[in-house]
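Order of writing sets the chain letters: A, B, C and D. Residues in each chain are counted from 1.
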Amino acid sequence: MLRVGIIGVSGFTGLELVKLLLHHPLVEIDYLASRSHVGQPLSDVFPSLKNICDKIIEPIDENKFSRLDVVFLALPHGVSMELACKLFGKVRIIDLSADFRLPKDLYEKWYKPHLCPDLIKEAVYGLPELNREKIKKASLIANPGCYATASILAVLPFLDIIESDIIIDAKSGVTGAGKSLREDLLFSEIESSFKAYSPAKHRHQPEIEYTLSLFESVNVTFVPHLLPINRGILATAYAGLVDKSDEEFLFEKLEKFYLNEPFVRVSKMLPQINNCTGTNFCDVSFALDKANKRIIIISVIDNLLKGASSQAVQNMNVMFGINEEEGLDLKPYYP
Amino acid sequence: MLRVGIIGVSGFTGLELVKLLLHHPLVEIDYLASRSHVGQPLSDVFPSLKNICDKIIEPIDENKFSRLDVVFLALPHGVSMELACKLFGKVRIIDLSADFRLPKDLYEKWYKPHLCPDLIKEAVYGLPELNREKIKKASLIANPGCYATASILAVLPFLDIIESDIIIDAKSGVTGAGKSLREDLLFSEIESSFKAYSPAKHRHQPEIEYTLSLFESVNVTFVPHLLPINRGILATAYAGLVDKSDEEFLFEKLEKFYLNEPFVRVSKMLPQINNCTGTNFCDVSFALDKANKRIIIISVIDNLLKGASSQAVQNMNVMFGINEEEGLDLKPYYP
Amino acid sequence: MLRVGIIGVSGFTGLELVKLLLHHPLVEIDYLASRSHVGQPLSDVFPSLKNICDKIIEPIDENKFSRLDVVFLALPHGVSMELACKLFGKVRIIDLSADFRLPKDLYEKWYKPHLCPDLIKEAVYGLPELNREKIKKASLIANPGCYATASILAVLPFLDIIESDIIIDAKSGVTGAGKSLREDLLFSEIESSFKAYSPAKHRHQPEIEYTLSLFESVNVTFVPHLLPINRGILATAYAGLVDKSDEEFLFEKLEKFYLNEPFVRVSKMLPQINNCTGTNFCDVSFALDKANKRIIIISVIDNLLKGASSQAVQNMNVMFGINEEEGLDLKPYYP
Amino acid sequence: MLRVGIIGVSGFTGLELVKLLLHHPLVEIDYLASRSHVGQPLSDVFPSLKNICDKIIEPIDENKFSRLDVVFLALPHGVSMELACKLFGKVRIIDLSADFRLPKDLYEKWYKPHLCPDLIKEAVYGLPELNREKIKKASLIANPGCYATASILAVLPFLDIIESDIIIDAKSGVTGAGKSLREDLLFSEIESSFKAYSPAKHRHQPEIEYTLSLFESVNVTFVPHLLPINRGILATAYAGLVDKSDEEFLFEKLEKFYLNEPFVRVSKMLPQINNCTGTNFCDVSFALDKANKRIIIISVIDNLLKGASSQAVQNMNVMFGINEEEGLDLKPYYP
């Protein structure tokens, strides 16, 4: 049994981690901590967990980590790196924040000064479809962003046959913003509505562009939008094709790329969010705009799962040599 | 391993049964049948199941049942009893329809002529909190209706201290109506709306009144309403108190009643639907209207789970002497 | 042209008043004031009003009222009475708060100490279907609560033939709670969910009971619930019938009661929220539970309109001898 | 008073026309016809209209048109042109279908053989912001498609400074699909979900590309998506800038372009659907992706209003020399 700790359990990704790890047959949740609600049972914060997880939330205490095999940090950017610096080398870390996803200069351009830049190069970007071998040996995983996961998995299979200018129009449910008490997250502001936000200014843009550019140099225009739903991301990616292609060729290319991937479902049918919600799947399909020699790739994930917490568990499985699908046989919420 | 069959897999309760039984460690799904979509993989009907259950839907064939330990009938009223008549004695049956929930006369008053009335007395009403001992030995389970489950579990603990006139105002998500292609189930008709339907004429009224009256003679006024959500039922039950009571007494009574029940969560906090969705729990709480000497009991379930398919699995566990919670460690969907 | 002022324009009822009064052919909005956002155009607070109402929000200044014919107070309870005390006699007042709806003792039991109890008896409860004649001459209107409007209009026609114990199970959209920044009003907490709140403790209960009891002494059990929609209330009222009645008799009674009422629509079809949203209508229908000699009355309103702002305009029309329907020819939002 | 007829009143655009024209001070609705529900009051089809429009639905009868000044055809593609052929020259026609929006060859490529191709050149594309002068004299208006309206109004102001390759990622509420009884329009399939449909194959693509290309030759990739809301379209358009530009220059250009347009609201704030719902406005804003020298233009409309019925009324006003804003002082639905 792996002994795990989850730090930051009062947020949505922390909550999802708890649900996933309780369900994992080879894991024992040893330590639940948070900066708030210390001393309360977790089921006081999330009444849905009553009789499921009534464990007490502990304070964040560095002495508690030595007994753990792995710790999940579900903390805000900035807070996470501070703790990671202290824990590195003592326990394997899966960090769900953005703190170790980007090289120092890029991170500091989009976020804030980095407190332990030397650690960045130790971190492995935790997208198993990309970095499985490196993840196996990693001490510190930078778990990918939700938009980045959906976008990279959409574009990656076609990277060698598309032009370098890529447009990604992404749409996310509101849990992507967490439980923040903001007026624009009130029900009355979101229900029956829809909007774009941070166009060409969202911090997942450099993450997508940087990660893809490790393979082929690309420029990404990224525009996220807010859906009046709780869970799910759909990304629509647009790119010119270098050569004329037909649908059959493109489909075979996509299918072959993800042939052995347990958590990417390739289909000719266009994906829709409610088929993925509740699972670790990324559904990918595409359409061809022949007249304009352009491919339109569409991917769907559950932002809290493959976009955060279940991808973190997938990384844990890979890190510890466990069957990658263990504990991730999740059933879709639909209907 | 129990070998199970699910008949009627193209509806929502059939779909939920598939998801639950795939998740159950002591079960092997041997036979999936339906009256429609025969020959197609189940994941063609429900694309959410791609790579999860691509099993082919078979026709309903009486010869296939002898090899099974138990069969779930997720068929419409009327269709179900026809098949149950033929299978009775050959395989243990859990029937999710209304066909065996009521005595002959009451059934025929509210539904239609019964095809095998002699079988009704063989059937056990599958509410484990009520009939656990009988369920253990049953050959035929009449799995309770969704509204009936929520309503009975709300009222039962207080039955000996309330007056006989009970009002139940219930509210359900739209999956209760299944996947029927009806104009009033279109998104445009339900979104941002709410309505009552079949007031004092809904067929779960006799089920509730009959079941409760086995213990204390009661009269039930039942009015269901349609919520603009997919899953969940909240029932608000109103009854006069025979004697003056205080909240502490009532809470202790409720708590004691469900003390050993693994799937009823009693709380002083009022229940809400999103805390139950995705689980087999029934959440129950109450308020006291002192001025009017009246108790208001509120219960919540997931209509497709404790209100149908997971309750059916709970019944299966009881019937076969399996740990009652096996395969039912479901995590709430929230958020 | 009537010169009107609206105080409290940064809340939802204030916003609705602005939209309605802009649309009213005999009204000129002279004065928009609020305790917050002073100096900003109203369209900064509500961008939907851009190019529709870019008027500057003024501070609340007692000197501004003398030039007005009527002032609408869309302020919180407690704040409203303070201002009303000062303005009474100088300008006719339509108060949308609860401050003048109840006798002193009842008000102080459910709310807080009253600052100008002498004024209460000067106030007319502004339900035109009940008090049209008094409203004509009133200096101070206590505009009814949203739940109270729906509930009273449902029960009133049957008051002389029902027993005194009445149960009202009401369901409201979230705009009833205004724009408060509360965690339980976040999209993630309300979407796909439903709950009861303040059962038998809601402050509209005494308003309903007191108003109905002016005609027949009744006891009301009142339980409100929160719907995952923005607008609309549906109230389901339950009461025993003194004598046996048939549906035809009850329908005629209902129809006759509202025969000349322009804003109550009586129908045999059960009402649903999306047929009323956007209008000043109250839709009323009923069902008969013959077995239990009980009537179930169902009413629907738009909580922000007939439940607040358009009813206030209806009161203004009556007060000033204007055609009661003037400016209230609103078209339903559906679809 | 203009005497108008509305043909096709049992659909959503017909319903919206009725509501708008009842509200229009210079119009008398003389004739309501439909292919279905003939002989029933319109309020039987749409109970929301009870006491608002109980007029009887008449059959479509060519003899009824001579007395009218203008007729609105809210009919499906193909059906509309059949009737328009017969009526042309006898009454001015505003056709909400696609039948006269495209040149013959383009129409027949995307739709079906045209029954009266000679009439196409008589038709004026009814986008007042583009064709006001021609609309004044038109006998036949081809009222633009909903996606086309949002897309063209977004791109038009920048057409002379952008490259020819344009990508439009559009998102619409479900009323765009009308009231069709289709499984994919059921509440259970749309709630909490989102999907793309007809990528690069939607019939508004040629309409957008053709209309824009009258000014500058462009290639449009168009991908629509389905939002879990009833009303509203948000279009996100992407195009490369020919020259480097800054935000101030682009904003002034946009503002100047729509300076005198009563129904286009230009803002630096990004538009969101609930600010437009219920009105004839198109809200337009943009963002600049400097790194990629690309503009991102975002527009919002109510698909049933500026995207269909209120734009048709705007066209009527222009055709008859009425103040263009007459009857269109609509108030946003928000909240």
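The rule is short, and it goes like this: a contact is a pair of C-beta atoms (placed from the backbone, for glycine too) under 8 Å apart; a residue touches a chain by one contact, two chains touch by 3 or more.
Just so it is clear, the structure is predicted and the values come from calculations on it, not from any experiment.
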B-D or A-D - the one linked by more C-beta pairs in contact: A-D
Chain whose Cα centroid lies at the greatest distance from that of chain D: B
Rounded Å distance between chain A and chain D, as computed from the means of their C-alpha atoms: 39
Chain A and chain B, separation of their C-alpha mean positions in angstrom: 36
Geometric centre distance via CA averages, chain D-chain B, whole Å: 46
Multi-partner residues of chain D (each touching 2 or more other chains): 12, 175, 188-189, 191-192, 228-231, 274, 333, 335
Chain A - residues contacting chain D, complex: 165, 167, 169, 171, 188-189, 192-197, 199-201, 219-221, 223, 225, 227-232, 234, 236, 238, 270-274, 277, 287-292, 294, 296, 298, 333, 335
Chain B-facing residues of chain A, complex: 12, 15, 19, 22-23, 46-52, 175, 191-192, 230-231, 265, 267, 269, 274-276, 278, 281, 304, 329, 331-335
Complex interface listing, chain C residues touching chain A: 12, 174-175, 179, 181-183, 185-192, 228-230
